[in-house]
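Quick notes on the structure that follows.
Just so it is clear, A, B and C label the chains in written order, and each chain counts residues from 1 on its own.
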Amino acid sequence: MTAPTTERRHIVVPPGSVALRLENLSVWYGAHQAVRDISMVIPERSITAIIGPSGCGKSTLLRALNRLHDTTPGARVAGHVWRNGIDLYAPTTDPVWVRRHIGMIFQRPNPFPKSIFDNVAFGLRVNGYRGNVAEQVEQALRAAALWDEVKDKLHANALALSGGQQQRLCIARALAVKPEILLMDEPCSALDPVATMRIEDLMRELAKSYTIVIVTHNMQQASRVSDYTAFMLAGEDRIGELIEYAPTREIFIRPRDRRTEDYITGRIG
Amino acid sequence: MTGTQLRPTVGTDTEFQPRLSLRRKVGAVFGVLTVVAMAIGLLTLGTLIVDVVRDGWSVLSWDFIRNFPSRRPSEAGIRSALIGTVYVMVLVAVIAFPLGVSAAVYLEEFAPKNRLTSFIELNISNLAAVPSIVYGLLGLGIFVRALTLGPSVIAGALTLSLLILPIIIIASREALRAVPPSIREAGYALGASRWQTVRMFVLPVAMPGILTGTILALSRAIGETAPLITIGALTYIAFTPKSLLDPFTVLPIQIYNWVSRPQPAFHQLAAGGIIILLAVLLSFNALAIVLRARLQRQIRD
Amino acid sequence: MAMDGVPDVAYTPEAARLAVVAERQERIRRTLQGGLAQDRRRRIRESVITGGLFLAAAISVLTTAGIIYTLGIETFHFFQRVSIVDFLTDTQWTPLFTEKHFGIAPLAVATLLVSSIAMLVSLPLGLLAAIGLAEYLPLRLARVIKPILEILAGVPTVVYGYFALLFVTPLLQRFIPNLQVFNVLSAGLVMGIMILPLVASLSQDAMLAVPQSLREAAYALGATKLEVVWRVVVPASLSGIVASFILAVSRAVGETMIVVIAMGNTPRLSFNPLEQMQAMTAYIVQISLGDTPHGTLEYQTIFAVGTTLFLITMVLNLLSFRLLRRFREIYQ
């Protein structure tokens, strides 16, 4: 009965095209450990999906990549995340700098209760953008495939947009500050299928220039959009671990680990 | 419709001037300012208590509590004021508590969602913020004159009851709202009527919160001065009220009377009175905390 | 999200209540065994009780009606004798002198001045304290500090009057030699400290209602904590914060004992906060302390002043509630 598990948690990436290298990353909420000892390499200009049943720590892991846990009282992170030879968790690294270069899209669209323009311009203003703010706002909205729909109402309240538009606005808002990496935390879970499809198309487009890490509980979505897939699972102790990590096609066609297979075929989760 | 115009920046920032260290410093300064703001409040409270205790400590004695006020500071005491306060507060509790809880039960458990209800609700919120001296004018017009109760213990108690009624109602409603729906369902599931459910299931669970809110409202009433002066409560009496229709004074009015005199000896008496007043308030609040803890434990067991 | 892993939120376990509930269920079951015959009686009793409870709630409406009636009737009598134009435009208030003037301006300006000083203290300090409590302090520390701050709001105002007259004024006189014994400045400063917790508490509530997801969105764009607070949280909770400010103004306008004790009882039109003046509330107290016979003009003046006070505070209160309701509609 006990299937032999072949260790497969590493993918081969040429040294020059590593976007992030995670090294023994663990996260605690208070006394409870949520994620244990994750080491993995995220390749540049590609989409990496993190999948797993709810409670496996995939969102927790994602939030560790831009040091968002620093803003949560009681949360603690150990380990390292390397980017271009810089440890994002080194004491000398400013989390504000990290977040400015690693953008994030959240589960539910969360535009500020301000105008569409002010939403996109927010990051530009706080980070001291030197160029023409209006131009950059337009480019970001174009990049997020939203410009045509909102160009006539840039000063309308962002909350008046539909859910799918709001989410694309959030993507535009993140793109405006010119990040290198985009983290997406189940970005379509609150959207209908049509809006979801648009976001997925957009992701494929953005992956030409950005590194995208997406957390999703939707396996079809992972198989549709991602180049690489990591499968996480929490054991008896409710601590999430990385089980398997490989090019997406291999994970879905030939999972090596029994637990990955069980999850993909719908037996767990 | 492509992302090509918007290439991610690689390497150093040239288009942005993030000035991270400056922003960090400004943020730290602001953080300190918020602490300073709180510290100013807390320090003022500390200074006030130290100042009052330093001024009034020397006059505290059994005679101070036992004696009636007097023209001679060395013989003056707070007997009539203290007894007046106790009388008025007992009456206020007896009048305001049942009315306040009933109104809260009605609004939270019985009231239909209609215009009358929302009018009553708005009205209560407004009453909670009406200046206390306006209640004094109300008491003067209605209780003292129209009902010819005069500036008596009962007129004072009625005035203060109306004053704290909105506070009791608001606190009791919050306590009732905190009762989980499962408790109500337990009652309805047995075919109990609404009132039976409220009386036997909801009220007992909400009671700690209701009592705490009531005690806090009463401590507001203990400290009230202006409405009682307005209805004509006396500032100087050397007897204690025998009936509900007798004139009276209360501790805050006695304190005011002493503060408003020029001689420092009376200021010391005022400080002594304040110490007693604050001690009474403190024990009231302690009572509220103990009561809440005990009742919560009782419900849990 | 903010409370993840910080399980110090007190809660009563459902299971623990079951014993009590079961016991009451038994009692109800016994009560209900009367059968259909008692059904009618029960219905009648139910509606009598509902009616009684409604009456209790209606007392609040009666109270407002009583206030409007009492103030209204005496104010009406007052304006039969004094022209409303004089009341609003005369610059002197001398009802107790032989040459009588009934201009509300000196009292109203005094109230406005002392309230303004109080607001200059309580708005910035209250908002800063609210930001500290809601955003900067660790949750546990905020839970300790907030109730201590709220003691400030529970101290009787007569005590603040004592403090303003006998501590703050002498202290300030060391730095401002021409400060009078009774003055607007001390009264205003102390009143500001008294109102601080009201602003802090209500503003903090408003800020805590702003969804955590907005804070995270701003952090994820490279904003610092200050920028998150100042550019996202405060604007998003602005109507709630403004509502707390307005309620604070209403409190200051109606505050009585501080101004009676520390600000003086001389109605004179001035804008110098170092001098003594008489606020509207202080005038009412001054007349009440004397023996003013019912029906005299002096008796009616306090109701006219009271009406002015009531109208000002009611407009402020209703404005504040309207803003609060709009704020709640956004986030609920």
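Observations on the model:
Convention: a contact is a pair of C-beta atoms (placed from the backbone, for glycine too) under 8 Å apart; a residue touches a chain by one contact, two chains touch by 3 or more.
The model shown is predicted, which means the values in this text are computed figures rather than measured ones.
Taking the mean of each chain's C-alpha atoms, the chain closest to the overall C-alpha centroid is C. Judged by contacting C-beta pairs, the busier of the interfaces B-C and A-C is B-C. Inter-chain centre distance (chain A to chain B, centres taken as mean C-alpha positions): 50 Å.
Centroids built from CA atoms put chain C at 11 Å from chain B. Chain C has its Cα centroid 47 Å from the Cα centroid of chain A. Counting partners per residue, chain C has 222, 224-225, 227 as the residues that reach two or more other chains.
Each of the following residues of chain A touches two or more other chains: 96-97, 100, 127, 177.
Residue numbers of chain B whose C-beta contacts span two or more other chains: 18, 23-24. Those residues of chain A lying in contact with chain C across their complex are 28-32, 66, 68, 71-75, 96-97, 99-101, 103-104, 106, 108, 110-114, 122-123, 125-127, 170, 173-174, 177.
The touching residues of chain B, counted against chain A in their complex, run 1-10, 15-20, 23-24.
Of all residues in chain B, those touching chain C in their complex are 18, 23-24, 26-27, 30-31, 33-38, 40-42, 44-45, 47-48, 51-52, 55, 98-100, 102-103, 105-107, 110-111, 119-120, 122-127, 129-138, 140-142, 145, 162, 165-166, 169, 180, 182-183, 186-187, 190-196, 200-201, 204-205, 216, 219-220, 222-226, 229-232, 235, 252, 255-256, 259-260, 267, 270-271, 274, 277-278, 281, 285, 296, 299-301. For chain C in complex with chain B, the touching residues are 12-14, 16-17, 19-21, 24-25, 27-29, 31-32, 42, 45-46, 49-50, 52-54, 56-61, 63-64, 66-67, 69-71, 73-74, 124-126, 128-129, 131-133, 136-137, 145, 148-149, 151-152, 154-163, 165-167, 193, 196-197, 200, 222, 224-227, 229, 247, 250-251, 253-257, 260-261, 281, 284-285, 288-289, 294, 302-303, 306, 309-310, 313-314, 317-318, 320-321.
If you check the complex, the residues on chain C that touch chain A are 1-7, 138-139, 211, 213-225, 227, 231-232, 235-236, 330.
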